[in-house]
Amino acid sequence: MEHSLRHRASEAIDPEMRQESGLSPFNQLVVSAILGLVLIGVLETEVHFIRSFGGLSDLLKTVLFVFFAAEYLLRLWTAGLNPRFRNALHYAVTPSALLDLAVLITFALPYLGLETTVFRLLQLLRLLRLARIGRYSRAMNLVVEAIRSRGTELILSFAFALTLMLGAATLLYIVEGPTQPAAFGSIPRAMWWAVETLTTVGYGDAVPVTPLGRILAAVTALCGIGFIALPTGILASAFSDALRRAREERAHGHPD
Amino acid sequence: MEHSLRHRASEAIDPEMRQESGLSPFNQLVVSAILGLVLIGVLETEVHFIRSFGGLSDLLKTVLFVFFAAEYLLRLWTAGLNPRFRNALHYAVTPSALLDLAVLITFALPYLGLETTVFRLLQLLRLLRLARIGRYSRAMNLVVEAIRSRGTELILSFAFALTLMLGAATLLYIVEGPTQPAAFGSIPRAMWWAVETLTTVGYGDAVPVTPLGRILAAVTALCGIGFIALPTGILASAFSDALRRAREERAHGHPD
Amino acid sequence: MEHSLRHRASEAIDPEMRQESGLSPFNQLVVSAILGLVLIGVLETEVHFIRSFGGLSDLLKTVLFVFFAAEYLLRLWTAGLNPRFRNALHYAVTPSALLDLAVLITFALPYLGLETTVFRLLQLLRLLRLARIGRYSRAMNLVVEAIRSRGTELILSFAFALTLMLGAATLLYIVEGPTQPAAFGSIPRAMWWAVETLTTVGYGDAVPVTPLGRILAAVTALCGIGFIALPTGILASAFSDALRRAREERAHGHPD
Amino acid sequence: MEHSLRHRASEAIDPEMRQESGLSPFNQLVVSAILGLVLIGVLETEVHFIRSFGGLSDLLKTVLFVFFAAEYLLRLWTAGLNPRFRNALHYAVTPSALLDLAVLITFALPYLGLETTVFRLLQLLRLLRLARIGRYSRAMNLVVEAIRSRGTELILSFAFALTLMLGAATLLYIVEGPTQPAAFGSIPRAMWWAVETLTTVGYGDAVPVTPLGRILAAVTALCGIGFIALPTGILASAFSDALRRAREERAHGHPD
C-alpha cells in the first residue's frame, strides 16, 4: 500500500517517471507556486504594496514555504524510484535538488536581515527543469538551434554594430562635446547616446543640438535601421532553415 | 412580388445568400455606417469637437440609429430565407443578432446618463462577421495559421523576454533605486522602465543616471534588438512556410 | 550634319533612344541638377542659410533655370526622332513634358510672391521617369510585386493595428483622462499616444502615470512588437517568394 | 637554431604561415592588446577616469607601446619567410605594415600636443586583417554577399525613405513652422524631426502640437514601420537565398 502510494507520488512529482506527456497536475501547481512566489517577491519591493497588502503577502509566503518544504521532502522520498538515483542522498546532492534547498533557505534570509530579491530570482531557474518536456522542449531546441547555427553571423553583426557605435560616439564627442559636456563630454558618455540611438530607444536625455551633430546623428539613426534589420534577417532565414531541416528529418524517418 | 422583393433583400443583406463574391452594395453601406458611428463616438470625447460640431454629430447619430434599426428589422424579415435559421425568432437569438440589438441599445444609453464609449467599440465586432468573406477571409486564415503554427516558439520568446525584463528591472532597482526612488524605487516601477527600453519605445520619463545603471541599461537595450528580431524572424519563416504549403495544396488538387 | 547632331542629341537625352544600358552622361547631369535644385529649395527655407549663402543660392538657381530651359528645348527638338511621338507638339502635351514645363514655371513663382516649396518637390517626380531603366526598374518591379502580392495581408495587419490602437486609446482615455486631461482627455488625444507607443517612437510628451495606465501601456508596447513583426514577416516571405518566382521564370525560358 | 626560431616566430605571427586554422596564441594576445588600447583611448576622454586611474592608464599605454613596437620589429624580421614578400623592406611598404607604423606613431602624438582620439580608432582597422581567417571570413562573405545581392533593392528603399522623409518634413514645416519656429521653422530643421520619427528613435525634442501636425506625424510614424520592415524583409530573403546557394554549391562538389 505504502509502496503503491510512493509510486503514484513519484509519477506525480518526477516528470521522468510520468507515462503521459505534459506536466502532471502536481507539477502544474508547483509552477504556479513558483510564479506566485516570484510575483510576491517583486511586489514586496513596492512600499505602497507592503502598506496595503503586507499581511496578506506574509501569510502567502508562509503557505508557500510549507508547500515548497513538503515538495522537497516528497522529492527526497520518491527519488529512489528513479533509476538515475541510488537513494535519497544521491538525489539530494544533484544541482537541481541543491537549487530547491537554496530556494527554501531564501525564506529564512529576511529574519537574518538580508536582502532576498536577487535570490528569489533563483526560483525562475527551477522552471527550466520543468520546461524540459514535450513540445516546449522541441520549440526551445528549434529556437536555440536557429540562433546557434548563425552564431558567427550574429557575433559579426554585433561586432559591426559595436564599431559603428564607437565611431558615432567618437564623432559626436568631438562635435557636440564642447557644447554639451554633460552628455557628450567624453566618449563613454557619448556611447550612452550612441546605444540609445542605434537601438532606436531614444530616451531624449542626450540629443545633439549643433547642425553638424544632428547630421551625424541622422546618419547614425538611419544605420540603426540596418542594425535591427541585419540580425532580424539572419534569424528569419535561420528559423526557416531550421524548420525545413526538422521537417526533412522527420520525412526521411530519422528519429528525434 | 413581395416574395421576390424579400429574396432580393436577403441577397443584398445576408452575405451567405449572395451569389457573387465580395460585399453587396448594401453591406458596403453598413460597413461605412459602422465606421462612421465609431468615428463619431471617438470624436465626441473631444470637447473642442463637441463645441464646434456637436449639433451635426447629434444629427448624424439620429440618422445612423434609424439606419441600423431599419437594417435590424430587414435582417429579421429576411432571416427565414437562409436555411440555417428556422424563422426570424431563431435568428434573433444568434450571437450576431444579439450583438446588433446591443448596438441599437447603446444609442439609448446617453439618455440614461451612462458612458457609451466602451460599448461603441462593440460595433467593431460587427465588422468581423462581414469580413468573413472572400480573399480577406483567406488572407486572415493565412495570418492566423502562420501565427498559430509557431505558437509555442512565440510563447517561449515571450517568456524569455519576460524573464529578461524581470532581470533587468531587478538589477536597475538595486543600482538606480537609491538615486531615483520615484522611477526605480521598486521592481514594479523599474519594470515600467524595462518595458519601455526592451520594446525600444523610450519615452524618457525613467532614465538611469549612474554609470553602472547606464551600462546595464545599454546591455538591456541591445538585448531589446533580439527581443524584436526573434518574433519577427519566427513570423517571417512562418509566413513563407504557410504560403508554400497553401500553394502546394492547390497544386496537388486538394480543395480549399 | 545637323541631322547627325540631332540624332546624337536624341541618344544623349532620350533614354528610350539610347543603345547602351544605363543613364547617359547628359541624363546623369540632369539627375544631379534636379537633386541640386531640390537641395537648394530645402536649404532656402532656413534663415541662417539665406543670411550666409543667399547670393550663391540665387546664382545657382539662375544657372539651373538656364540649364532646365535648355534641356526642355532640346527635348522638344529631338522628340520627333522617337517613333512614339509624331512631332514636338505631340511630345509637349505628354504628362512628362508638362511636368518639365511646370518645373520651369516654379522658377517664376517667387517673383509673383508665391510659396514655391511644395512645387519644388514636383521635381522629384521627374526622377521617376529617368529611374525607369535597367536594373533599378527590375528591382522596383520586384519590390512593388512583393508588396502587391501580400496587399490583402498587409491591409489586414493594418486594420488589426488600427483596432488595437483604438482599443488602447479608449482604455487610456478612461484610465488616464481624469489625471492628465491635456494628453489623455479625449480619445483623439489618446490616439496620439497610442500611435507613438505602438510604432515605438515614444517622444515622451504623453506618458501614463497611474499604475493601471502603465500596465495597459506596457501591454500596448509589447503588442507594438507584433505590430512591427507582422508586416516585416509578411514582407520578408513576399520577397523570397517574388525572387524565387523570378528565378524560376528565367530558368524555364520565359522572357522578361 | 636561429633559423628554426625565426620559422617558429613566423608561424606564430603571420596567419598566412600558420598550419593550423584559427588565431595563434600570439595573435590572440595582439587582438586583446588592440582592444585594450582602444578601451584605454575611449576611457581617457572621461575626466573622472583620468582623475582616478590616470597613472595606471599611462603605465598600461607604455607597456602596450613596447609590446606593439616589439610586434612590429618581429613582423619585419619574419616577413622574408612569407613568399609574398621579397624582404623586410618590401613588407614595410605594404598598407598593413604602414598602418602598424602609423599606430606606433600615434603614441608620440600627445607629447606633440595633438589630439589622438580619432587616430586611435585606426587600430580597429588592424583587426580587419586578423579577422580575415577561418569561419569569421566565411560568415562575413555570407553577410556581405547577402547585402550586395540586394544592393539595388536596398538603395531603392533608401531613396524611397529619403523621399518620404523630405515630404513629411516639408508638410510639417508648413503646418508646425509658424507655431514652433525652433523645431520646425525650416525644412532642414523639420528633417531632424522626420529622421527621428521614421527611424522610431523619438528623442522628443521636436514634437508636433497642432492637431493637423499630429495627424501628419501619425501617418509618418506608421510609414516608419514600413521603413523598417522593407529593408528587413529584403535582407531576410537575401540571407536565406545566399545560404541555400552556399549549401547547393557544397552539395554539387564546387570548392570554396
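Letters A, B, C and D mark the chains in the order given here, with residues in each chain numbered from 1 onward.
Assume a contact is a pair of C-beta atoms (placed from the backbone, for glycine too) under 8 Å apart; a residue touches a chain by one contact, two chains touch by 3 or more.
A quick note: this is a predicted structure, and the numbers were derived from the prediction, not measured.
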Turn needed to bring chain A onto chain D - CA fit, degrees, nearest 5: 90
Winner on C-beta contact pairs when C-D is weighed against B-D: C-D
Whole-Å gap between the CA centroids of chain B and chain C: 30
Averaged-CA centre spacing for the pair chain D and chain C, given as whole angstrom: 30
Where chain B and chain D are represented by their mean Cα positions, the distance between them in whole Å: 43
Junction residues of chain B - those touching two or more other chains: 188, 191, 196, 200-204, 228, 232-234, 236-237, 240
Topology of the chain contact graph, where touching chains are joined (line, ring, star, complete, other): complete
Complex contact set, residues of chain D against chain A: 38, 41-43, 45-47, 49, 117-118, 121, 124, 135-136, 138-140, 142-143, 146, 188, 191-192, 195-196, 199-205, 227-228, 231-232, 234-240, 243
Interface residues, chain B side, partner chain D - complex: 200-204, 232-233, 236
Complex contact set, residues of chain C against chain B: 152-153, 156-157, 163, 166-167, 170, 173-174, 185-189, 191, 196-197, 200-204, 207, 211, 214, 217-218, 221-222, 224-226, 228-230, 232-234, 236-237, 240-241
